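Each of the next two complexes has chain A plus one more chain, namely chain B in the first and chain C in the second.
Our next item is the complex of A and B:
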């Protein structure tokens, strides 16, 4: 199935044009607008003037929000990677995994907002778990809107673990059976096969899926807004609160928080890419 | 396999099934609840009050709006991603690495950060809110449609198209009777993911629509942020799960029904490479 190898043509250029132009417009105008507003060059009222007041004003709060965002994204990605990888290994290792594979697939199209609403009904002080365990509301730990973003992390970990499981199991299903047979013939036991065959085969797709999950969690708004505490708040929630503030001077601050989030996401993506390259080189 | 290993596997399986199932259980119970007070394990009175309230809150209209949004996003992002993937596979694009990276980039960027800046630009260009929402969500789905269609094209044999052309098929006939049927499983998956992006969106609708464009997620959010209306939240949420689950089932059926004839087709000797290299019309047919 070798594709024809042409050099570039007008047909090809025209074919990619709608997609490329739409992405270019949204990214350039969007990120450009955010960046310019964050330094006062595109004010809603008054003359444009370069100023870093937005960043300075956000100051300490921006640091707290950054820390919380990184905590939520790292913790949920870590759990998602562990559970997702385990699910993928169970799914590929046995032929009778119909129920599990059905559940993994069904979790993928659940909107995060719906997931958050349901997790709220599950973990709140009057939630399902509290009712089932017979714990009165006053004695229940505040998993929702408490000091630690437990429910937020749980929701992301659950949804992203399904994503990781799907991506990794697809990769493994394509390549694992042959390798496993060879390894078994050569006398490798189950542990040796896991350590020397399954895990190295799963590593690149596991890393890629985890990176996508991490970056998504970092920039996602609704779950932390619904299940998180009023303070401290992660970056997207802080940014949206400032954006919708009636105080127009809060605009540059909102944009400064947005720029920080975009920079963190970009840095995380580049780091993941570099890691993937090293994995590829090592293999 | 020793009994200990077997028991360990069974425990692991139960944990994983619980992990994926438990988070959605409250929706099922609360959606069928009329009254549920105190720490009883099940509701005192069952009923469909949640759905009645959801309908009264404008659930039907919001449902249709979300459905339209999902479909429009899929209708834009699937063809755009498909023709881009084809051009990238055929390498007829200038700077293919840059184009590939650009089309994947929306996955990496936090959508709220982009939309906050875009909002002012759209306002100054007098772009209607609905159009802005559709544009951003189509861009957000392009990485998925492009990626899936590149996967589909990497398993696609272009020789079938040449074969049909040499047998006298018109361009249109090649498109409808060769290319689209062979790509159908990939197209279905790509359209499904693009639909999901439109169907599930909350923050883009909120930021650009300013709360005036009321979709189903907007209703779910406003109900879920209140208290004491658990049946309504659950009813709205269950309603928001129906189209994605139906679409998922449809994609599965389509892929399975296509997989059989396709495997017969690809198992047959394909229009051979040697034969085709000898064919002088090959470049001209493209």
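Our next item is the complex of A and C:
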């Protein structure tokens, strides 16, 4: 029998064409426009002229912002992956799964903006936690708008861990109980079942969910704007500040920062895909 | 009369935007290029200032055209009193003239400008913005890109109540108004302190900084490019330069290079004494007001002292809140209403702008219980009945009358100074004290 998956059908092509065209239009018009503006070919004032001044002028601040963005995205994704995986394993293994899963995933519908405002109210130097503990504002560590983006990472980790837990637990719930039973019959203890059954089964969805969380965090603006310091600032905040600058020559810089963000996100997504293909459970 | 070509703002050390003969069909070429994905080959020209002034009809015909139009007024939404004034006083008055006024709250005026610029890039003439509360660099940038409709405000009937020679109304941060926006209110940069904490308030800007250094952690300012943080830096530039006379109003790179090192040096020296050691700043004036309300700092500042009157009885600010007047005076400006060139309902927008200038509206708006915004009208030009109505306005217990606040008022610098100083502050102060 010949594999059917490789037969070309024009009806199939026509059927997916609207979706492909829409995606192409958004990517080409959006990213293309951004790219053009970043190299001075679509100016607000004056003649289009190829120039990399946007990238060069953003220079050292662009590097600082990239570093901070990568720090925020990596740290929050790491915490979210650990917490999410643990919650998923506990969820699938427990008898009261429905109640627990309700609790774990309750934060998913909360918008990031609301989450950020709540974290701010909790962790700021005059926030609820500081007041409950009776710590004066001066003695409270600068978790919000401080030297390190603690509150920003906390918010992303909290929100994304629920997302990771949801995705991983759905994958595990379909296959894990049977495999566990088989492994137990074959004499595997709890530790061996975790190492040789649960983790390999969870790995692909964990990786995919983490990649989504990482890319989202890298490109998201509002949480870092609300909870972060005015300096240094991550890429999206820097891009928006330059975009809304009344100095029109700052527009190419804003677009250069946006292109950098998009390139980093694209690279992260490609790396995650490559890694995913090498995982045993994916095949 | 043809409008002078918009000046292109040049900044030494930055790229030169040379002027370009108008490229007809630039936008359709651009769209086609985007569609086929052949972006890099072509490049898209900016829409040049293709808005030409049409001759305005008679006021009666404008009023007739305005009937049934809906005007979207985009304005900073962070002031509940201002929002209430527009919704409860100005909008009903506009409705009587047959115009529905819709207030669109925004976090920063730049959002409205950006929207208009995007609409111009897309070639739209039925834009979402019909009227913007604007001044300074936003106005200048918009003018440079042809974002504003021009030649209309001088034709408003109620302009006869303003003083045509008033420098605050003829120039907006050094940019000639030229009929491209109509005045709305006057404002004065004001420092505010808690008299329970500061018994002997400083009386000059230099003394304010000395006070801050003597009381570490009790003072800070919003980070420019926040509007208020930005004017604080300009006020301090006047102070360290020995007065506003020593700073040329028109931007001049040599003057910038000579004057600003002292300013940055002074601010870096001040930083360790600021709230949180100056390593971070409140993001905007709202954040600074919050610190003041919480008692974390003893001073705040505002370019709109009008709001103070309401904040004290509300309990947001302590009852001991007082306004600090400086011997050398502070920076003053006027703010305006501008009509974007992409607005389809510009007749309605003109009717609203004219209404906003009416003596009755200006008087209600000046009442501290309503909004407390200082009037742009010249009271000597008002009919006697209106003049006495202005004289009967209640005085605010917190904010001194405009005449006291505006004593020795300093002129604003031209709008080219603003982004240059904002960016200079980021690089030379904020990044250095980390």
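The criterion applied here is as follows: the second predicted complex is superposed on the first by the 258 of 283 C-alpha atoms of A that agree within 3 Å, B and C clash if a C-alpha of one lies under 4 Å from a C-alpha of the other, contacts with A are read in each partner's own complex, and residues count from 1 in each chain.
Everything below uses one rule, namely that a residue touches a chain if its C-beta (ideal position, glycine included) is under 8 Å from a C-beta of that chain, and two chains touch if they have at least 3 such contacts.
Predicted model only: the values in this text are computed from it and were never measured.
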{"item": "Chain B versus chain C as contact partner of A:182, first or second or both or neither", "value": "neither"}
{"item": "Which superposed partner A:36 touches (first chain B, second chain C, both, neither)", "value": "both"}
{"item": "Partner chain(s) touched by A:243 [first = chain B, second = chain C, both, neither]", "value": "both"}
{"item": "Which of chain B and chain C A:111 touches, first, second, both or neither", "value": "first"}
{"item": "First (chain B), second (chain C), both or neither touched by A:142", "value": "second"}
{"item": "Partner contacting more residues of chain A (chain B vs chain C)", "value": "B"}
{"item": "Touched partner set for A:262, first chain B, second chain C, both or neither", "value": "first"}
{"item": "Overlap of chain C and chain B interfaces on chain A (superposed complexes)", "value": "24-25, 29, 32-33, 35-36, 42, 44, 243"}
{"item": "Chain A contact footprint on chain B (complex, rising order)", "value": "9, 12-13, 16-17, 19-27, 29-30, 36, 39-41, 80-81, 83-84, 86-94, 99, 102-103, 105-121, 135-136, 138-139, 142, 146, 153-158, 192, 196, 199-200, 202-203, 207, 217, 220-221, 223-225, 230, 233-234, 237, 240-241, 244-245, 247-248, 273, 282, 286"}
{"item": "List of chain A residues in touch with chain B within their complex", "value": "1-9, 11-13, 15-16, 18-20, 22-27, 29-37, 42, 44, 83, 86-87, 90, 99-100, 103-122, 127-128, 130-132, 134-136, 154-155, 158, 161-162, 212, 215-216, 218-222, 226, 236, 239-240, 243, 254-255, 258-259, 261-262, 265-266, 269"}
{"item": "Sites on chain A touched by chain C in the complex", "value": "24-25, 28-29, 32-33, 35-36, 40-48, 50-51, 53, 57, 61, 125-126, 137-138, 142, 145-147, 225, 229-232, 241, 243-250"}
{"item": "Of chain C, residues touching chain A in the complex", "value": "8-9, 11, 14-15, 17-20, 30, 34-35, 37, 39-40, 42-46, 108, 110-111, 113-114, 117, 121, 137-138, 140-141, 144-145, 217, 223, 225, 276, 279-281, 283, 294, 296, 415, 418-420, 423, 426, 430-431, 434"}
